[in-house]
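Each of the next two complexes has chain A plus one other chain: chain B in the first, chain C in the second.
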Partner chain A sequence: MLPRLLILAAGLIVLTLAIAAAGSPQVVIQTFSTRLLGIFIEAAPFLLIGTLVSGLIEAFVSRELIARLLPRNTFLATGLGGLLGFVFPVCECGVVPVARRLLNKGLPVPVAVSFLLAAPIMNPIVVASTQAAFGWSAVFWGRFLIGGLVAVGVGLVFAFGARPEDVLREPALPAPNPGLTLRVHLPARPSVVARLLQAAHLATGEFFEMGRYLILGACLAAGMQTLVSQDVLLALGRGPVVSVLVMQALAFVLSVCSTVDAFLALAFAGTFTTGSILAFLTFGPMVDIKSTLMFLGVFKRRVVVYLILLPLLMTLLASVWLNLNVSL
Partner chain B sequence: MSQPKPDTHPDPTLRDWLQAAILFGLGLYFAYTLASGSLTNYINARFAWLAAFAAPVFLILGGLHAYRLWTRSPEEDHDQEDGHDHGPVSWGVLATVALPLLVGVLIPSRPLGADAVDASALTGAGLIGGGDSAVLERDPLEWTVLDWLRALNASSDLSAFNGQEANLLGFVYRNDQFPAEHFMVTRFVMSCCVADAAPVAMPVRWPDTAGLPNNTWVQVHGVFQLGEFAGNLFPILQADALETVPEPEHPYLYP
Partner chain C sequence: MIERLKASLSELSRFDWIALGVALALLGAILAVILLGDHVGVRVLRLTPQGEAHTTSWITLQFSEDMARDSIGDSLRLEPPVAGTIDWSGSTLIFRPAEALTPGETYTVILEPGAASLSGRTVQHAQRFSFSVRRPQVAYLAPANTAPQNIWIADGPDHARQLTFSEAGVFNFDASPDGARIAYADYNPETDGTDLKLIDSGGGEPRLLLACPDADCTTPTWSPDGTRIAYERITHNTELNLGSSPTRVWLLSLSESGGGTVTSDRPLFSDTQIISSGPVWSPDGSRIAVYDSQAGGILITALASEDLLFIPTRQGSVGAFSPDGAWMVYPDLILAGGGTHTRLSLANLDTRLIEPLYNEAQPFDDERAVWSADGQTLIVARRYQDERYTPGRQLYRVAATTGDSKALLVDPAYYHGFFELDPSGSQIVLQRFRQPGSSAAGNPSEPEIWVYNTGDETLTPIATNAFLPQWVP
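Let's look at the complex of A and B:
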């Protein structure tokens, strides 16, 4: 709790200082509020849809179903694991417990890893919000292509001999920590109405938990657009490598839910390279502060390092290559 | 479940009720932006359905949350010690989610205006490409600032615009570098929401710029004449008629 409050306080202080430095506070606050509300109003409904769907899945769908849907062949299953998000749209916050459960159920490690990394990108809600933000553009297609390839690629790295007991933390295996268990076996099969109410309740909680990241991210994006001059942003955002690193760091720190990160990326699209926007939209959903914390609760440290570094390097390579070789 | 916390957990807490209130407030706020038309200050009108969807859902979630709190018995509290539900959310989370609601309620709604124009980005060069060429077959008197910039971009000979008649709507933008008797009639172009809004503008020559403060919405009529503006050769609208108009219902142009 303390770090979050510190981040919040630091943000507010920086914002106040910046407003004071920028001259007319009234003008700055007006522009800032328009930009903040613009992102929030566009993104909040998508976040709402995401949390509702996740609540409904939680209340109605048994997780074992996922394991049954997959083919036996490891390579085929790893590829399909990357597409499972279309059947079970979960964002990065919902995916870790699901993946852990699947591993415990005997799903091969590479399949679970590709599901873990791809599901926050490869799902219908993210498709809809990315399309709303970027249209049918190169960014839209690139996000799903690179995201899918990197997720399956990292999954295949784990295809070489990794068994569940090699990747999961000891206590996670036999008796999962109750804080992270999913209510799969609902006692005495509650009625549909009871489950709907439960779904609404879960959605409410998740909207607040995730909404916080969205709003802090929107504050940062709006503050940057309002206070930092175009020239500075261009200087930072035009370097084919620097821009990618900046956007990856931003994606990691902001931890914005993948259903709405496209609207934040939009704020950078005018000044940053297309490759860096794609890095933000592919690396962010796979790895950020909150997913790292969840990884650490489930996987061994060595595995977490792989789960962070492999997507980092792969999206970095893909984005820099795009910046240098393709004019988008 | 492993550590039952019987009666130390007061229920329902203030934070729980605030959570319901924020959900309710968000529902009312989304409904208000739709009803008042201020929604188009923030997002492209084609996404109005998003707000129309969100408003009732927020109200329902807020209502259900309040109902749960109202009917909750202490024993039921223990059922919620599972998954992501650890009782009421923290004050930090509440404050953060309340922030856009407070900003929306307390700060009067205005579209992006002259204060948000970054002079170095004013050419709008990035946006102008592409577009709908069918627009250029319409009556040029109906063209917007964006249509004219597209036509300019597509043309190889700027002098072809000499003598062309135009009728432009936009807000006034001036800065210290502008020559006397000149301003730019400006619009923001938005495809999704204000996060991607960028200014586009055409220079106008009008004798009485002193009477036109920044952000004044004007309808200006005139004829283009090639001239030097901000160091570039550019068609400048020589205004013969100018009237101040109220801010339009859709302040942004949609590409």
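Let's look at the complex of A and C:
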């Protein structure tokens, strides 16, 4: 209890000092609320889409269907997970409830992790927006290549010994009997309308459940954006290694939706290394402040640490190697 | 403490060990990649000019990173050597040759390895590129005696082509400092205004630069860096029924590329009571001189500080900045010998002292004057009132320090009007009329355009029935 109180007290002191350093408290609060609303309003529709897709999966996709469609080979299945974003086109705000529902339906953890990390990048909307911003350039191809490799790579790490009960929190665990997860009473062979109603009902509940994490994540992201100046981050360095770290930090703090982040990255294209732009475009969609909070609704805490650490290191490795070895 | 750590470690599952092991391996790989070193270094993303350059072209190298500017040192050079200054715009190096590049010459730009960026990376591979310099062209308006008048561009005698095809006619124009584009004023009958347009000097479709409905936007004048255009604006106030406003100078800012995207458009002076015309840029682009008809003089404004300098003159036109920007030569009206004469004076813009380039006893009228490239002499349109009298003005070279003059182009059969030196200072493009009744062939009512070579003193005809000639570098 005492250490938690100490941490809380230290956090409050740091927050007070940060607000004092940032200028007038009134301006800080105004900036914070504007950014909070900006992040939430941008993310909420995608979360709604994600929960709707999740509800539809629950109502229309059976465990048997998933088992039948999924390759038996773990590597192949994990690789396929990286491409599921083209079937369920959701960004990082909507992918978490969908992944949780698929896990609940018995999707293997490595496949779900691969989908969770890849879907915000490997989906048609992001393909279109990245092409619009960067054309058919190295950045366009690099984003999907690195994004896919990292997502599948992390998924494969989970293929070695990650049992569902070790990594997942209760709501995400595969249901022993699919019928038990339903919260409405259904006839033996429900009609399409009844299934749609069930999907809407589930989506509503899930939207409010995951929405808590989104709001908390948006608060943290807005707080970071208000108190940690982008200019300070950008001024830290533009070398082949530091630039990648800076852009990864920026992607984590900004928590921009992956459907529009390519246009933001374009603004840095002239001044930052290509590798760091790719780090921004691959690490950001996989992990940012708000998605981290949402991960906590699905995975156990130390697993969330791995879900941050592994993509961070893999994108760092790929980006630094590109900066130092490939003339882009 | 150690016991607690041991307990924590014992709680780790096989998956935890695998995940942590992979993380450690990744860290090791990152470290190895960094230790193996940089095999790319700082790259040059863009080089200009490519292929063909103008005599006034700048050489630019855009690096992939912000550079440690002192590190460039001797690693950048041109063959054959060219003196000049280096400026920076972000990560782009801009080499401004001190003198015009030689037409017909092929230059090679060489960047040796070694220059470093602010992050410590270096240029690892030598960069080398070549370009050739084309001969300056002459742009002018034609025909002079009938509408519509359009811009023509000529490489030499019998090598002219029509550049614009305006149905209403081009009012006036200005070539960009690098010679790549021409801004011009074009009447728009649909809006009863005169718009500013832009066209590549090589040809192509014109682009609308600034729509000016119910206003005349004319006399575009490029800044020396090609990123801004000063122009004259008259607003007609048709809806308000107030009559047309006096002429005022406005300032357009273009996007960095100068490609025609207007980023701002504002009056030159925030004080709307200042009436101004005839904008002239200082060579460094930091000041603009205009004629203030209300105050009766030349007003020079510093764009950054908005400091003003006033030079009284009743002649009605702005003079010319010296190449170093320290002086301005300008015409003034004086009373001498019972008559009114136009004479030239020099204003020292640092000390704010006026030095007349004449004494009252001297029997001549001077009008337009342009500086030589070295700033030592002036080319002046002069008419003597003594035994050297000619009906029209003739061209003389006048020493800026002593006022001593030497005939440059004297032909009593002609009136010499508008003229301009090319960037190298070796050729003058000029507009002149035949004197009625002279023995020279041609129509006296039609202006002609000629090029005078100051080296071999030859005259080359460029166009007849044409006016307002200007060099396209």
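Quick notes on this one:
Following the convention adopted for this analysis, the second predicted complex is superposed on the first by the 190 of 328 C-alpha atoms of A that agree within 3 Å, B and C clash if a C-alpha of one lies under 4 Å from a C-alpha of the other, contacts with A are read in each partner's own complex, and residues count from 1 in each chain.
Note that a residue touches a chain if its C-beta (ideal position, glycine included) is under 8 Å from a C-beta of that chain, and two chains touch if they have at least 3 such contacts.
Because the structure is predicted, anything quoted here is derived from the model rather than measured.
Within the superposed three-chain model, A:221 lies in touch with chain B and out of touch with chain C [touch as defined at top]. Using the contact criterion defined above for the overlaid structures, shared-chain residue A:302 touches chain C, although it does not reach chain B.
When both complexes are overlaid on chain A, the residue A:44 reaches chain B alone and has no touch with chain C. With both structures placed on the common chain, the touch criterion links A:167 to chain C but leaves chain B unconnected.
Look at A:323: by the touch rule set out above, it reaches chain C but stays clear of chain B. Here chain B and chain C are compared by how many residues of chain A each touches, and B touches more. Chain A residues in contact with chain B (one complex) as well as with chain C (other complex) are 270.
Those residues of chain A whose C-beta lies close enough to touch chain B in the complex are 1, 4-5, 8, 27-31, 33-42, 44-46, 48-49, 52, 58, 132-135, 178, 181-183, 197, 200-209, 211-212, 215-216, 218-219, 221-222, 225-226, 229-231, 263-264, 266-267, 269-270. Within the complex formed with chain A, the chain B residues making contact are 1-2, 19, 23, 26, 30, 33, 39, 41-43, 47, 50-51, 53-54, 57-58, 60-61, 64-65, 68, 81-85, 89-90, 92-97, 99-100, 103-104, 107-113, 115-116, 118, 120-121, 126, 191-198. The part of chain A that touches chain C in the complex is made up of residues 157-158, 160-163, 166-167, 237-243, 270-271, 273, 302, 306, 309-310, 313-314, 316-317, 320-321, 323-327. Only residues 13-16, 18-19, 22-23, 26-27, 29-30, 33-34, 36-40, 43, 64-66, 90-91, 117-121 of chain C touch chain A when the two sit together in their complex.
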